[in-house]
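Chain IDs A, B and C follow the sequence of writing; residue 1 opens each chain.
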Amino acid sequence: MSDLISTQDLTKRFDGLVAVNQVNFSLQEGQVAGIIGPNGSGKTTLFNLLSGFFPPSAGRITFCGKDITKIPPHKRVGMGMARTFQLVSVFDSLTVWENLVLSTIRFKRDQQSVQSFFFAPARKRIVVDDCLKSLELVGLEKKASARTSELSYGEKRMLEIAIGLSLKPRVLLLDEPLSGLSDHEIGGVLDLIHRVKKNFALVIIEHKISKIVSVVKKLSVMNEGKILCEGDPEQVLRDPAVRECYWGKEEENCST
Amino acid sequence: MIHTIVYGFTIGAILYFIAIGLSLTFGMMRVINFAHTLTYTLGVYMLVSLGALFKGYFVIAAMIAVVVVIPISYLIERCIIRRLYGESLDHTFIATFAIALIGVDTIKWIWGVLPYPLSDPIGEYLTIGGLTLPIYRIVIVMIAILLFIGLEFFFRKSIVGKIVVAALEDRDGVGCLGIDVDHYFSIVFMMGSALAALGGVLYAPISSVHPYMGLSILLLCFAVVIVGGMGNLRGTFVSALALGMIMAVTARYWSQGAETMVFIVMAIVLIFRPIDI
Amino acid sequence: MRERELIALLVIAGGFLLITPVLSVNRVTDFMIFCIFAMSFDLLYGYMGRLSFGHLLFLGTGAYCSGLFLKYISRNPMLAIIVGILVAGLLGMLIGLIIVRTTGACFALINLAFNHIGFFLVLSPLRRITNGEDGFGIHALPFGFLNFSSRTTMYWFVLICLVLVFYLLKRVTSSPFGILIRSIKEDETRVKFLGYNTFFYKWVTFVLAGSVAGLAGTLTALNYNYVNPNVMDVHGNVGAVFACLIGGAGSLYGAVVGGVSYMVISNYLPIYIQRWEMFLGFALLMIIFRFQKGIWGYLQSVWEYVERKKTVMKAIGVGAVKR
């Protein structure tokens, strides 16, 4: 099977700091991969490079067999790459369903026409129904017309994932989807991931390793910008180098 | 040609006096202060009144005028500007503009709307090799250069100066050291206002005095601050002199184009080096 | 949806008709033109979150282009209006390519710079055709039964333009595109990651706002039968910002309410209060520190409060019955 995403010697420097250092990361169609690593090891920076948030200092990124190193972010989304942010980013000033309008109508042929995009009301049956469907998936349909600023943090995270899903991605990049959530909410997110993971490839950055070990098929460990070790989760976690970089910090998680 | 150069430096010097405060206010508090030139106008009107009192003693009148502006600027800072910290651009714009409106109207109330004529307090000319130059303009340029050197020392050597420079870089970082940035900002704000008043006092005798004089020079000072870099003191000095020179040279060949040239330069600078707030 | 839109349009037209006997036909025509301008400004500022200090450039371009067209080329007023809008739109397309890349203060000031340049162009280099600061008079021939030199015709024509512009902008702002520009206001980067080329949509908004302002300009020219550089005086931009803030930014109703309020203040206050600028200053400080949402925003939150109270009351009432 060919790689969906692959990077060649991907590097990002911020002044003196090398945040991502010659990373060769690859992901196959439909694969669920996890990335772990201590704070500041360059995980989010890697996502930012993949999604085109900023250009790499060196190296190449290939997606679906095409070189996308120089392609702007919105085109990458069009090719099927969706992401979420470490700090939840949804539109607080809009209502919950309005948050989903933009991502939903991208994939409706009849909504692509200039007339319906610029002049037809957004509050139309076909659009709203689709938004509601996406909201049902994450269990937020009851709050569809609430202001987003009134949602709890966990609900916002769910909403953000729903936005990602409604982009119908070929790969979804989740940046710490569990951070800052209560145990109950974590259960909800994990359940959602289990339900949708068969549809596309998934990359999850997470500190709570024990929670995602059961989901991911491949685990990469980053440290100081480099991929330290990669492969089957069980084996990776037994690797002494990984244990050392996590030593003391995440020991209880590693030992699961 | 020499004339043009001297005129350019004079305008540049005046712009420098006014722009310092604008640049510092922005650099430290991220507030764009449209009321900044209010103190400039106020200084001039103080001079108008005091000049009548101290007939013939221009320097004394000018000094008192500048000093009188300081408590007023303290009030403005305390009551309005400080509350705008962290507000969005449009709200600070409206609030500071409102202050300018109130101030200008107060001036109209007290002094009336008619322009006042003021004459060159030195009135003598220097003649070098067939060229006659008004000494007053040369004095203005001298003061500007001295001020620049003085400020350089102030910001490098004094504690207050060092704190301000650090706060320009990283306001929150300085706050974390347990230093009350707001307090120093007050000082800087008053200093900037006093300098603007000084600019006004020096410029008034060679320009016209009317209540809206502050508004017309404000936009030019914005251009100076943008070109020089917000919060960059040396940049402000260089850009003030450069833009003053551009104005003088343009005016020599095409008098109406002078101000526009400044805005063209500003647009070009903004295109190639956008500021982000 | 349709009905609500119709009602809104009727309410706005009715509102202007109602204030006409109180004020005067001339004044209200002026007010309505300013409201069109305020709405175009609000599209940029209230909806997309880009504050411009140079929006009058487009109004001036519209006024000058239609005026010059009437003076030198043809005296057909309809063609002049179209020319004014088109040229303002074209100018928006051109300088928009540069301007919309910027945000915040940079956006505001670069607009200001262009406005200044435009003002200067009509004042001095183009003096031969624009007659510099004195401006020039224009005379439009009647178009069909529309005689533009009649005050009442002008009044009705502007009223219809206002309603049409309101309708157009209402449609645009409640479409997905409207959601898009509101999203750009909040977080442009995030919108890029929803797969939209934000540059393009910002540019479209800029051009649209410019064209509508151009329309306001052509109407100004026709209304006064006269054009001079004051139509794009840089300092006039303050009016639009005030109007949007007084009324409540980010809502077309707010722009209209604010536009009328600002015009009433600036036209009538000086008659009754000599120190009206001071009064306006204090009023604005009040708005900034107390009523940031403006008149319309305030009304809206009162409305929301009442609605909520009603539902709560109902809930309690229903519970009581069950028990």
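One rule holds for everything that comes next: contacts are C-beta pairs under 8 Å (C-beta built on N, C-alpha and C of every residue); 3 or more make two chains touch, one makes a residue touch a chain.
The model shown is predicted, which means the values in this text are computed figures rather than measured ones.
Here the chain at the heart of the shown protein, by mean C-alpha position, is C.
A count of contacting C-beta pairs for B-C and for A-C identifies B-C as the more extensively joined pair. Look at where the CA atoms of chain A average out and do the same for chain B: the two points lie 50 Å apart.
Chain centres here are Cα averages; for chain B and chain C they lie 33 Å apart. Look at where the CA atoms of chain A average out and do the same for chain C: the two points lie 41 Å apart. Chain B contributes residues 32, 80, 83, 87, 89-91, 93-95, 97-102, 104-106, 108-109, 215, 219, 222-223, 226, 254, 256-257, 259-260, 263-264, 266-267, 270-271, 274-277 to its touches with chain C in the complex.
The part of chain C that touches chain A in the complex is made up of residues 1, 171-172, 174-180, 182-183, 185-187, 189-198. Put simply, chain A touches chain C in their complex at residues 51, 53, 72-75, 77-78, 82-83, 85, 89-94, 98, 101-103, 105-106, 111, 116-123, 127, 163, 167.
In the complex of the two chains, the chain C residues touching chain B come out as 45, 51, 98, 101-106, 108-110, 112-114, 116-117, 120, 123-124, 234-235, 238, 241-242, 245, 249, 275, 277-278, 280-282, 284-285, 287-289, 292.
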